[in-house]
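Shared between the two complexes below is chain A, which has chain B as its partner in the first and chain C in the second.
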Partner chain A sequence: MFPARFDYHRATTVDDALRLLGEHPGAKLLAGGHSLIPMMKLRLAMPEVLIDVGRVSELKGIEREEGKIYVGALTTHAELAASEVLAAHCPILAEAASKIADPAVRNKGTIGGNVAHADPASDLPAVLVATGAVIHLKGRRQRQVKAADFFTGLLATDLGEDEILTRIEIPDLHGRSGHAGSAYLKYEHPASGYAICGAAAVVKKNADGTCAAASLALNGVSATPFDAARVCRELIGAPLDDAVIRQAVNDHLHVGDPLSDVYASGLYRAELAKVYGRRALRLARDRAR
Partner chain B sequence: MAVQIRVEVNGTTYEREVEPRLLLVHWLRDELGLTGTNVGCETSLCGACTVLVDGRAVKSCTQLAVQADGSSITTIEGLQQNGELHPLQQAFWDQHGLQCGYCTPGMILAAADLLAQNPRPSEAEIRAALKGNVCRCTGYHNIVKAVRQAAEQMGGG
Partner chain C sequence: MGVIGSSIKRREDPALITGRGRYTDDLSLPGMLHAVIVRSPHAHARIVSIDAAAARAAEGVVAVYDGRDLVPGGEIKGVPTGWLLPDLKVPVHPLLAVDRVRYVGDGVAVVVAESRYAARDAADLVEVEYEPLPAVVDPAKATADGAPRIHDEAPENVAFDWQLGDREKTDAAFAAATKVARLKLRNNRLIPHAVEPRACLADYDPTSGELTLRMTSQNPHVHRLLMHLASMGLPEHKMRIIAPEVGGGFGSKIHHYPDEAITAWCAINLKRPVKWTATRSEANLTDAHGRDHATTAELALDDGGRILGLRVETYAAMGAYLSTFAASVPTYLYGTLLSGQYDIPAIHVHVYGVFTNTTPVDAYRGAGRPEATFVVERLMDAAAEVCGLDPAAIRRRNFVPPEKFPYPTQVALEYDSGNYEPALDKALELAGYDALREAQKAARDDPKKPLIGIGLSSYIEACGLAPSQVVGALGAQAGLWESAKIRVQPSGSVTVYTGSSAHGQGHHTTFAQIVADKLGIDPEQVEVVHGDTEKVQFGMGTYGSRSAAVGGSAIATATDKVVAKARKIAAHLLEAAEEDVVFDPAADGGPAFHVRGVPDKRQGWGDVVLQAYLAHNYPDDLEPGLEETSFYNPSNFVYPFGTHVAVVEIDRETGEVRLARYVAVDDCGNQINPMIVAGQVHGGIAQGVGQALWEQAVYDDSGQLVTGTLLDYAVPRAHNLPSFETDHTVTPCPHNPLGVKGIGEAGTIASPAAVVNAVVDALKPYGVNHLDMPITPEKVWRAIHLKGAL
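For the complex of A and B:
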């Protein structure tokens, strides 16, 4: 199994990659290749030109500035999982990355490729929605899109053909406004590790233990990350005991149009969403201070 | 279109022209004759094709040879030193960590990446590190024992 023929260009900078994209309409960017190369081997993708951005150093690394964390698009899953900055300021992203597939996949796959590919069974999209991340894009101009608006359908995003995802901005979960608890849990496919259902929760508590803010988003259950905002609205101001969380999830977490495939029916996924949503909210609550 | 690449494999530098669509595993096997790297599933799931690229385990069936330009690769053939088996190779032998041997090169290189990162892994950490490497024969227990033996011999333990 090997890809159809294509021409290969290696970009040295973001601007160089943008120039190459302009010169070769229909070209595909290549980052870690762990979604694109399998698709090309199956001839589900047959781009005539690949533009390898794998060595563009300005797309690498994790930085923290004024209450925000900036993660370069080329940061690998292994780097996310091992990051001290993320461990201290956004542990849910490291937790989710550490649960992707296996070490060899994590050594190559990148956050930018994961998000741009927008596989509904990926682990990072719901984490970005739940944390309120912002995706930074560069084309003829620079623009920023909220993660919640970025995923538009099955394998579809707001990313233009002539744009590059440069970095992802995530709020500091442990910043001046308190120590939010966060958790990513998943029910994974036993062979590939992809999420049949993944739940990302972030919870902030008031001094009296009631809920100050909460967010919950799910992977794997719908074409785009499922934002369980209705559940979270119900929790604000409420005491966060198990029964309250259970009630809010049972009453308000309804995946209207769940994905269904040979591995898990839609009905089963909708149930998994409740179970994992509940567990993720509880774990996030336990981690909040 | 052919692209010039320069890659160090097991200590020897090779400069070759490759077609962009050539997968790394085929370059290693078919052009360099390093057939110790096996091809199992061809779909990134079995780990039989695992090699070290700049010290880290990767699945060479899911990487283009052109992506490896400028890097340093270790395949199973590169682990022995002057005819002496690498401690991992010796441990797989001692602990019966293989039967048919098809998964073994990939298992050993995935374990080598683990021991470089974490010289004293727990049993659970060994199993997690080998998650992407499938063995149809051994039932994994002896593979885990072999990695533990190698960790001890390499000074971690």
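For the complex of A and C:
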């Protein structure tokens, strides 16, 4: 690869990385490098300084504490896909991670890098919105932002230039309050493997089979994850049969300003959102207990 | 079974799959410099000025040259086009643009530096001022009034206007027809995507005046000849071209590009080795693209579904310049194949080769023949619909019957052999055609099930390029024979020198099998040498599925000459008359000569070979040594054929197409190595399915390549494809010594039509009669839900 000239620093701890960030305004953090480096190769990104956080061990790993799961920012997609903790408590994140690109990308790409890069066609953002995840950031102080508020635009987030995304907190979907069903379905671009449409659904059922709670978010169809909250409000308390889901989606899932490109038009993506949204809700329902 | 016909493992693979293959970019020489070519970001623009001062001053930069530097004395050297048609407009294709750029990627300057990084950084410092001009990218629009003129030599943007067949007879056939099937077809533009990008390493010795060029070439001797004749002017004996390991080509490494001449020029001028390697993005912009046709095609039929005539009009994009074999592809490799497997009494084809502000177009796996098969096989399905016949039935009704071979078509070819119906039958049986039709019907009536589509493609190709007299008469400016030299070493091992230059085909294995089979020795005793103009006397190279049929035949012929010479020696040793001595490669105890009828009076192969070199008591008319050469010129093309069946499932809600099954029955004559044949079939099918469903070079109206990276341009991947079901029939080629045809392109030729036919078949209930490739889900969705509003 032949990127423009840049300086490279390797951080050893989060505080070390923050110090380097302070010293080098405009520096970019390098984690798995699977979004940043291709852009640098094409000279679409030409950062003067890279700060490599790839060996900061405190950013790694998946832990479960008191009904919450904490995923370190440096956790790779392959680790997410293979995690027993996620399989037992938040399978949708493992499911989505397993559908990212190919094994080489999954072995290097990280959840923190993925989320901070905020590619609208990426797979994880909608999953984090649908599960109600919280993004933990550290700068001069620590702060926490709901996933639904974190993504602010095309490749834009609430992450400050002097901050590091440290970990992601996700509710236990199979906790004491019941076994929510979840599903991530994806229609991938045949070249990039990115989502033309990815649908993340979480559904909780009452004992009588009616909907106790539901969430649905979509990747690939809009600049930020599309939160189909209106559809889900419609479902609460309703029996979760196919017709009800279809009706709610048809009436309330309207992507206002859909993405459009040479491969798939906005009109088509808006339709895909409905079909995939419906199918993800149905599958999540079937998996709920 | 002999060595020919056995699936021995590819001998070249251990090195390649353990990363020990040495490709051009792996090679370095002391003092080597690196070249980066500055390329036009505009599809069409006048060059106002080039200021390289900042680039020249940059750290590590040794030189920067532009188009004017490369033409001292004002004589613009360019890369040539090799195949001429009558009245072909041949604009100069300069090594670097001099006053005008004509496509995004056209070279304008070259930066040479001590490292590749330095060269790449300095390339950004070359300031080129452009005055943008309007561009045209669509071949169907290039000849319209008011379209921008790309070359002064071709005012209407028409490079050639070419016809074949009998227009009057065809018009009469249409006048007599009771049914007509008509289609407007786009054959999508493709980017070859060899895994290894093009590269070259030029090394010039100023004392001897010799240039050694290591490069990604499918035909090093042809490259040397073209560089001698046109772009460089160096004497051939002072130029050595070596193709090290070459990582795929698909045609894109046949052509002579400016890049190798620029690199060589820099090495000569700077008296230091210079290396240039395309980046992937650069390869996508500059490797000759494939296809890009806009066609209107009509088939005239009688009430019974018998074909009466075929009429085809095609606008074929040449791109911005005529690449090496550009003019041959949409003419003699396309128009001549339009009879397909069918007995068509009248054909007329009219092709306009048009310039567009795009990357030049040239041969890409199949080269013209996939385009022809697509026209014919799409029309057969359209005709089946018009006539109310099953697609298999209408094909069967129109096949050239076996008793009509050799069959002269209405478009200049004579099919040497063929037996089409058994291949169709075998494919239908393997696919379970009747059961598939039942399943299709059941699925149509159940909205919960995906739609099922079944597509046939009964293809023919003319390959084994090519009978020299024929192609010479058609404008090739060269015969397409092949050379082979067989050197038997004193200890009996054999070195084969072939002009056929492998880049993934398996020559080290199959060529060794030919020799080993004929001589009765172990293939491990046979070494195959190729890809070096200093080691091999001459060669036409590897393309057009010619390696086995032409290169292999040359090897077989040369091996026969070796046996004939060895027989003379054996006769001398056996004190027998030459005509009484026979060679038995499969004799007990190893290959041996013996006196006819007296098996005990024998001389083993090894003894004879050794005596060829220890010769001391030979008669006057017997020369020592054992080495023979053959220049094999085929008497005709070879004509592989077969029938492929694609089965698709379509998601009614989203239009997503899943290739559920793919059945291929191919007839490539005798098979030297069935495993390698199957490998070629599998790879070819994958590539053709890629064209049908995913691949497309998309230019916007300003001439920017929108799908210029692998992020946007979808090549087929294993997880998108089912496991292919392959089988074969064997109709040996009657006119070459091995009875072989070609198989390298068959899959790519057959599969686009099979897949598109399957999708259109699935969508019949929606009144769809055609969708253009690549068939994206959105196109299908629109066809289902928006009633064809595309």
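Things to note:
Please note the rule applied: the second predicted complex is superposed on the first by the 288 of 289 C-alpha atoms of A that agree within 3 Å, B and C clash if a C-alpha of one lies under 4 Å from a C-alpha of the other, contacts with A are read in each partner's own complex, and residues count from 1 in each chain.
In this section, a contact is a pair of C-beta atoms (placed from the backbone, for glycine too) under 8 Å apart; a residue touches a chain by one contact, two chains touch by 3 or more.
This structure is a prediction, so every number in the text was calculated from the model and none was measured.
In the superposed model, A:264 makes contact with chain C only, not with chain B.
Shared-chain residue A:244: touches no atom of chain B or chain C. After overlaying the two complexes on the shared chain, residue contacts for A:108 are found with chain B alone; chain C is out of touch.
Of the two partner chains placed by superposition, only chain C is touched by A:275; chain B is not. When both complexes are overlaid on chain A, the residue A:4 reaches chain B and chain C alike. Looking at the shared chain after the overlay, A:33 reaches chain B, while chain C stays out of its contact range.
Of the two partner chains, neither chain B nor chain C is touched by A:88. In the superposed model, A:192 makes contact with both chain B and chain C. Touching more residues of chain A than its counterpart among chain B and chain C is B. Touched by chain B in one complex and by chain C in the other are residues 2, 4-5, 38, 191-192 of chain A.
Chain A contributes residues 2, 4-5, 38, 42-43, 187, 189-192, 262-265, 268, 271-272, 275-276 to its touches with chain C in the complex. Across the complex, chain A is touched by residues 1, 3, 19-23, 26, 42-45, 47, 50, 56-59, 62-64, 66-67, 110, 113-114, 129, 131-133 of chain B.
Looking at the complex, you find that chain C touches chain A at residues 116-117, 120-121, 124, 279, 281, 653-654, 656, 693-694, 698, 706-707, 709-715, 720, 776-778, 781-782, 785.
By the touch rule above, chain A contacts chain B in their complex via residues 1-8, 10, 30, 33-34, 37-38, 40-41, 50, 52, 54, 78, 101-105, 107-108, 191-193.
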